[in-house]
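Letters are used for the chains, namely A, B, C and D, taken in the order the chains are written, and counting of residues starts over at 1 for each.
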């Protein structure tokens, strides 16, 4: 019995969360450092996973399997394929920056008893989320995945509802009500999705008699398990609904803007860059593999929804007055791309989608965290309250611009690679949809540059005239992300080489082949 | 009526006297019940002979010992294989000793033990005139606010009768799910109900509400048991017997030795169906299923909180046990008649409970409605009519009862000058004041909401899965939807506790004695264990899934 | 005379009792109506016992009486204490808790 | 030797990185670093050029494979550079002109505190532009393509504190993005058609693909070209782009970047050859833009905007030529190069003039400057002669060839295109003469009138020479500025002849683009003659209007056409009304929809449950008897239902 690496990767932050929560109220800073160290250690473990993972090896590697709840046919089964490795990597990479960026976000206000320890709670919750996200990337047992997919909501919920931007335009009272509204909305949306998925999960068990992803896929392959078409479709819809809420796909997206708007920048990053990825990841791993036929059946509708998300999200981003809301809608547009890539059912599309998950994570993190620094300086989220910042804080403005350029997927930065792959992948099977989707490219440029112009350029507003430039801690947060963006934009091969085999596998599970070019000779 | 017939009546009536032989009772196998009843009687004697100041301790001691002993007996029986291989009918066919019975008895006894701790709590209320007081009226007979009461309080009286009453109720609950003929069922029903009626009336604070709760509970309960009894009568009329086995045979038509009278009544399905409906209705009343639920909120709110907790937990367990046995042992032959009806009841119960709870403003009423919704979920499992269904329901009940007691125990802690602060607005910002209590309560709420890694989720999953396998997929969908609705108000409370600022003159959290702490701790422990590693208990419930008939 | 008639009588009594519970205000009377329902049940038991020619029904009737007696004890205790508190035995007055 | 290719890009890229990350400590030397590195790149270019000349025409294509970029299934994008005659030409033009303008900027930006960053951006531009022309596949070209877009964005908006500049930058980027969409779709089409998008295989097998697909690809490429090269209908950004510092206008918006579209079309010759319809569209776009730019150029009083219009029009010539197919490709590039010289020269001249005039850009406030800034006058004048196609100067050769080719297209098309080209030549002569006269001849119109204080106090250096107010004192610019002007002037004088003699340029480029002699219905001499006539007409007209009688210091209302031309033929207004306003309405309404409809459904359902709950809980009215009623009813229902079940 070898060392349970995957379990360790998830358990470490979990234990870290407990430890952090246990730090006495006085040693606030200790808690912060502890959290930072734990996240770094997790990163180290994730790197070990990355190293130990052999792209050309078995479908699922580093597998663990133990009996858990026999009566429910549940086994504690973990295993990673390339896609999972990539996303675990993303999570582990982002966490330290999230912790670092949120360094002062949870310093307690005066109110509350001496036992009230918001700081410890904040970082403990963040680590808890990390643990649950990682394990849901690792789970190859539907039930295990479901459990953590759902349980994840609770710490997220407290992070959103419990901690918000310090200075708030309408005062603390309004702030807290809006916060709890956002938190409740987030929870109910996702819980509803999750519960509907629960029905589907039970249905799956009734039909398949097992929760093990591999077993079911195997059984379906060798024909020992057959599903009635209607059953498969219902189950697929049950699963997809939950993931579409999480992703979030139009028209189930409205929780995201509120959640991101009300939560602090690091938490917002946690939501959109990490937690939401579980949704798209699950589409790729569970929807497609468990219900290939139904997936193909649903593809047209889903593609249209994705297309709507792309255009709609971008257009709304253009119309926002609030920086964070703008980023949120931009993310909705990007998630549209991801879903489109997944259901384009081409190698390029799905690899692109996976890369997109990673790159979008990094780019949004960069943009959002810088935006957070900006907001924390002026104490307002409204675009209109800024102007001419680049004059007083050139570094901040510069990083902000780079984050923006990444968001509009400028060639040379990572997101371009994934976005183009998604487009090509979609185009090669559904040309019209692919072409319409390119509208998203133009709109992305529009909302990003308008945001930059309104906040950073023009005459210096008096309120921002005294704004300090990025501090060391903040530079430490942003610089590595930017380096990553450039590196993955120029040399994404390490990532693609990990992801490709897994995608090919998925393609064969769905019995799909890439369309052949019209002129073979050229190849 | 012909003379011959009359004469025969007399003769049959007169004849057998010489033939009566002493009944054969398996005292060992009935020991749990007997122990509890014995302890209850001792409790009565204590009330009679032990001096007032030492009564409390004596009562608590006796009750605790009795409950533990009874539980030990249950464990011993289960270990002795009475739950599985040696399961059989004891006491001349009156009481079944089998898996479900033992499992439920065990659950009830543990719940009762935990409940007992909350009953015995004396630290929460400020000491009156130097005497530690519990949450029961100093002298139930005295008029609220009258000088009689003041005198009683001054004298430091406490109603230690609650402990024997508790034990009697427990005894009834132990027999209820094990009863194997309708008469025993009825008697057990009354034995568990009557003490509860009284306990409801004994609150120390808010006595008017307490008495009102008692009256409502009593009248409606009596009303319901009248229906039950009439149902029993009709079934007896149909089958000519009240023993489950016999009735089942008659229903299946596999009965032997059909005399003309029986042949006559057997033909009359109306007797059977109406009787069944009325009997089931009586049980549905106890579990608080819509539309027989209306007593629940009022009684839960008015009764002393420890009683509410105990009642909500143990009564549900016992009643569902009886319902299961009735439907699985007596009426399986009628499945196609009662299942659709129960479908309706389950659906209405789940939805109504969840929806009405949304707008509740009193924490105890909120929990009452949530318990209604949960009754609906459990019914979904009952309807499965598979072995998995049985074990799922058993598991659910086990998990649910401890969460409930724990939750109500927490409610007893949050107090202001007027006693317990049960209005939701008073709970605002509790998380800031005392994070621990709020966190614990949050855990219970999440368990109620069925969030994964809590017993609530495991139970819900088991029940829904059983229902789905039993071909009740629509029920599962409805259940899922109503859980989503229900989640809303559980979340509301959490929001209130953690995200809204505490009110200036809000309630304080009393520091309880180890008793209540144990109760809550047990609740949390069970919630987490059953949520994370439920396998062992699922095995237990699984083994206990078979009824003897 | 056909024993079935006794059943009709029992059903009638039961219905009367039930109706009484629904329409009467005074707790005592309501309770008496419940007792009436129980007695209706007893009648039914005895009748069936007669029809089937076994004694179970009669025995149950005795049990019922005992239970009813116990119920009376408990019930009167509660109702009386309520009456002493409110100086009224009306069921409708006891409606503090609602919604 | 192939391995030097990467060095071309590496040098300026390094410069960009160093200068942008270097921080203040580099402020002192930043500009020299930048200039040095771009010059280094130029030197490398020369070396490679020599190397190429060393080989015979067939083996003048070198590739350097650096690394595999995006390998996903059949989708294989590599980072490979390709140096052949075509890209070599561009490399020399870019690095050469680029270096000169670096040098010029040293003086021009002397007093700008952010000069270091300016040079960083310039280097960044060079790197991107070189990548664009050196890329070996369309996706890599796309990277350079957007890279220059970014650089142009940064440089147009260099004076970000001016809202107008920021807006202009944003506009340029957005309009270009529209074009880029075309490029990306074209690449996707290539991938689905050929399974690859590397120059080699695609161009080689272009013939095998159906004409329909080729046409589609061609049109998409054209869309891209329109965006980058400011061709109608995507030309609107170029005028505003003049908000940038003048060296930027010279380098990016005259000499190099804006010609990228022409490069793209010529590079994709094989595709266009297979798609006549696409070619026709290209020629039409070229022709229209040619006139559009020229007309706009006639009406502008802002010297830079006038030149911008001219740029548009000249690129129109190139595109037109490129659209003609093999008979035009070479001349398109040739005109591109010569235009690079004289237009850059003209812009630098304009910059020098502004430098001496407190950043005054309104030509109506110039006049008689030849005495004050002789070098500028001479260089500018030579550029002027070159552009109008004065015999013997570079413009004469390149433009003349294009006009011939246009006629040579044959048929009605040929006549129309040729006519347009001729007309264009006439108008060119007119507006350039106008610029010349208004600026350097006539009475000084700037005497004893304070010029408006420049919008960018820190920006244009002249502010220091003169208190921003008070009348300007025109003076010659420092040497760092004049030298580049002189060099470019030489280029614009000699370039054409040098290329034309013995068809040097033709032979040089033919292996890449291919060439076929069209047979024009008119003899070359006739065409040249016609061109001369047009030229004289244009000059004469301009002299009649601006030379004979004094120029009014304030613009007269002017004819309908004039007013239309001043407002870019209302094209911007159209955009504003249709796209901007419409877009704003769309987004605003969508925001509303999202809030009320999409979100409303959710909140509504929540509220609905709340209301339902509120209504249901009233049933719980506190009266025991009503509870009993519900129980009784329930019992009745239960019984009824059970009996019913049996009945059915």
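As a working rule, a residue touches a chain if its C-beta (ideal position, glycine included) is under 8 Å from a C-beta of that chain, and two chains touch if they have at least 3 such contacts.
This one's a predicted model, so the numbers in the text were calculated from it and none came from an experiment.
Undergrad: Touching chain B and chain C alike: which chains?
TA: Chains that touch both chain B and chain C, as defined above, are D.
Undergrad: Measuring from the mean of all protein Cα atoms shown, which chain centre lies nearest?
TA: Of all chains shown, the one whose C-alpha centroid lies nearest the global centroid is A.
Undergrad: Where are there more C-beta contacts: C-D or A-B?
TA: A-B
Undergrad: With centres defined as the mean C-alpha position, give me the chain C-chain D separation in Å.
TA: That pair's centroid distance is 97 Å.
Undergrad: Chain A to chain C: how many Å between their CA centres?
TA: Averaging C-alpha atoms per chain gives centres 65 Å apart.
Undergrad: Averaged over CA atoms, how far is the centre of chain A from the centre of chain B? Could you give it in whole Å?
TA: For chain A versus chain B, the centre distance works out to 46 Å.
Undergrad: Could you give the separation in Å between the centres of chain B and chain D, each centre being the mean of its C-alpha atoms?
TA: Chain centres of chain B and chain D, defined by C-alpha means, are spaced 81 Å apart.
Undergrad: Can you tell me which residues of chain D touch two or more of the remaining chains?
TA: Touching at least two other chains: 606, 617, 620, 622, 624, 628.
Undergrad: For chain B, jot down the residues that touch at least 2 other chains.
TA: If we look for residues of chain B contacting two or more partner chains, we find 215-216, 219, 223, 227, 297-298, 488.
Undergrad: Would you pick out the residues of chain A that each touch at least 2 other chains?
TA: Expected reply: 188.
Undergrad: What pairs of chains are touching here?
TA: Listed by label, chains in contact pair as A-B, A-D, B-C, B-D, C-D.
Undergrad: Across the complex, what residues on chain D touch chain A?
TA: 67-75, 79, 139, 142-143, 145-147, 150, 153, 157, 160-161, 163, 166-167, 170, 173-174, 177-178, 180-181, 184-185, 187-189, 191-196, 201-202, 204-205, 208-210, 213, 583, 586-588, 590-591, 594, 598-599, 602, 606
Undergrad: Please give the residue numbers of chain B that touch chain A in the complex, ascending.
TA: 391, 432-436, 446, 449, 451-453, 457-458, 461-462, 464-465, 468-469, 473, 476-477, 480-481, 483-484, 487-488, 491-492, 495, 498-502, 533-535, 538-539, 542
Undergrad: Of all residues in chain C, which touch chain B in the complex?
TA: For this pair, the touching residues of chain C are 1-3, 7, 10, 14, 17-18, 21, 27, 30-31, 34, 37-38, 40-41, 44-45, 47-48, 50-57, 59-60, 63-64, 67, 70-71, 74-75, 77-79, 81-82, 84-86, 91, 94-98.
Undergrad: Which bits of chain A are touching chain D when the two form their complex?
TA: Those in contact with chain D are residues 185, 188-189, 250-251, 253-254, 312, 315-316, 318-320, 347-348, 351-352, 388, 390-391, 405, 410-412, 416-417, 420-421, 423-424, 427-428, 431, 434-435, 438-439, 441-442, 445-446, 449-450, 453, 456-460, 490-493, 496-497, 500, 504, 514-523.
Undergrad: Give the list of chain D residues in touch with chain C in this complex.
TA: 617-618, 620-625, 628-629, 632
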